[in-house]
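Here come two complexes built around chain A, the first alongside chain B, the second alongside chain C.
Up next, the complex of A and B:
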């Protein structure tokens, strides 16, 4: 049974919901997994802390750990002023992390393997940085593009590069997460399909299939790391970008 | 459209690579916005204040416990200091009493010793006097006995009693040598 490694990314309409203009909006598998992710996060954070114990149990400990982990990340990159964005960064981190982890369960769908999702998340960060940066600093926000101590004759070039790197942020921010998740899932699927291909070739095939099986096990472990790491990277880059909005003068 | 038969056939779907299929963008965007906004509101209104308050109350109770422990420690330190002071005082008093008693007893013993020594010395002197007197008396008796003995021995030897004066002179001469 040959399996198409791309098939897992298919968006499937489950039932139609609303029609906006000419576009039919249906409840899709992607939407279902997002809803599941929201539910899982709430169960984890609210259910885990249900007893509000002074000495936390395992689940409460994990919930507090994730809270403090994100809080410390913000404090170390954007300072205490960055804590006003704590709900935003925590939501981003938990959403991406849980969606990535759910996607690692076989036969599930990974929401973050779609560029439109990661791009929307990255753009929401970009817009937040822009709006907050101008709201808080006014025109001083443009200092972000003018590093201090640069000779005047190369200043235009530097400003051009700075503006370009600022504008390209949402692209790298979104493509990094999207590409990592997509590539990981394709790799997993390809190696997993080798198992079934080789397994169909008789006794030697079954013996040979142990190699891709071992690889899939190892890759799953790696993908677990990637799932966490990409959520963390997305969150810490968000903090760094927000830091620019809070303290634009380098 | 994105809808197609969900089969495991490799040719089950044709067309764009799903992540780049723009027909699905609208619905994904729609559901992402809903899911994210719902999650954000739940986080901001429910989860974060809850976990924050739990952590805060823990830190507060730890700080309170630490403060309580510090005040108890200060109390026990004060008690130990008071105890040690009382102990030092008692020890000093005991030392003073002991010294006083020892001095008193030493003085009493010294007085007793002196009195006894005096008495003994008096007794000794008396005894010495008695001895001297006795000795003198005895010496006188010895002279008498010696003279009698001499007279008797000489009388036996020569058959005639010597003169008393000669015997006394001879005895005195012999006792002297």
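Up next, the complex of A and C:
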């Protein structure tokens, strides 16, 4: 049987939406899963906050926990001033988390395995940092690239390196999430295909297939961890970058 | 409480007392929670969740270096193409990109304190 570990990432047009020039914009399976993720988040949060009881139930506890978690992350990295970006960071965190978790369910599509999505998210953070940084600090924002206490004769070099370091941010920001999810899902698929391949080889094959089966179980647990970690890492890096916009170097 | 108030009008004195006591207790609870939570908020030392997992840091460090080098190489290559100074743009910016990547990694690892966290 043909096993294609890349096939799971294929984009399928579900129905066309609009045609611009010669490019047809269609509603794809990726967009469908994004819509599902947004729906899940909305149901989770609206359901969690509907009761507003003093002693929270399970759903309310989970909703409060997610709020507290993101709020603490922002406060500890960007300070209390960073809380004005809470909606932004919370949206990013919940979206990536839910999309990653939905992708772990068999037969589903993982939106974050496409670099278009992660790059768009990372660029939205990058642009927010730039716009807010210049709006709040004006040209003072350029101090970000001029560290203090550097001798004048190597300052131009340092500024170049700092600028490059700044520009490389959206790349590392987006590639990290994309590569982790892509690699994880390919690994899962490959090991899962070993089970069926070995299982077709008779009694010894079935005995041998228990090994990849155990591995797939372990990998699924690992992927669950990675799904959460990557959402967390994306959120915490967003906070660190926003921190630069709120207080650039003095 | 809503049920209490809906009861007979003769016993209206009871619920307000109850409510006052409850709100006083809530107030005290809120105060105690606030004092319990305060140290974690004001503590600007090491981040609370920074060592939530070493794996997250590992993932982070691995991409930082690559991103710096890639950006440097890309800028150098584009400069070469636009200005026709091949191969000097690539050489210089690849090295600068590498330096930026190392800076990224050191900053992410906390070897170099992020200048914004020191103040």
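Going forward, the second predicted complex is superposed on the first by the 249 of 250 C-alpha atoms of A that agree within 3 Å, B and C clash if a C-alpha of one lies under 4 Å from a C-alpha of the other, contacts with A are read in each partner's own complex, and residues count from 1 in each chain.
Going forward, contacts are C-beta pairs under 8 Å (C-beta built on N, C-alpha and C of every residue); 3 or more make two chains touch, one makes a residue touch a chain.
Everything quoted here is computed from the prediction, not taken from an experiment.
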| item | value |
| --- | --- |
| Chain B versus chain C as contact partner of A:37, first or second or both or neither | first |
| Partner chain(s) touched by A:104 [first = chain B, second = chain C, both, neither] | neither |
| Partner chain(s) touched by A:4 [first = chain B, second = chain C, both, neither] | first |
| First, second, both or neither for A:130, with chain B first and chain C second | neither |
| Which superposed partner A:113 touches (first chain B, second chain C, both, neither) | first |
| Comparison of chain B and chain C by chain A residues contacted | B |
| Chain B versus chain C as contact partner of A:91, first or second or both or neither | first |
| Partner chain(s) touched by A:237 [first = chain B, second = chain C, both, neither] | second |
| For the chain B and chain A complex, residues of the former touching the latter | 1-4, 6, 8, 10, 12-13, 17-21, 24-36, 38-40, 42-44, 46-48, 50-52, 54-55, 57-58, 61 |
| Residues on chain A engaged by chain B in the complex (per definition of touch) | 1-4, 6-7, 9-13, 20, 23-28, 30-31, 34-35, 37-38, 41-42, 45-46, 49, 52, 54, 56, 60, 63-64, 67-68, 86-88, 90-91, 94-95, 111, 113-117, 120-121, 124, 178, 182 |
| Contact set on chain A toward chain C in their complex | 72-73, 75-77, 80, 147-148, 157, 160-162, 164-165, 167-169, 171-172, 175-176, 179-180, 225-226, 229-230, 232-233, 236-237, 240, 243-244, 247-250 |
| Contacting residues of chain C [partner chain A, same complex] | 40-41, 47-49, 52-53, 55-56, 59-60, 62-64, 66-68, 70-72, 75, 93, 96-97, 99-101, 103-104, 107, 114-117, 119 |
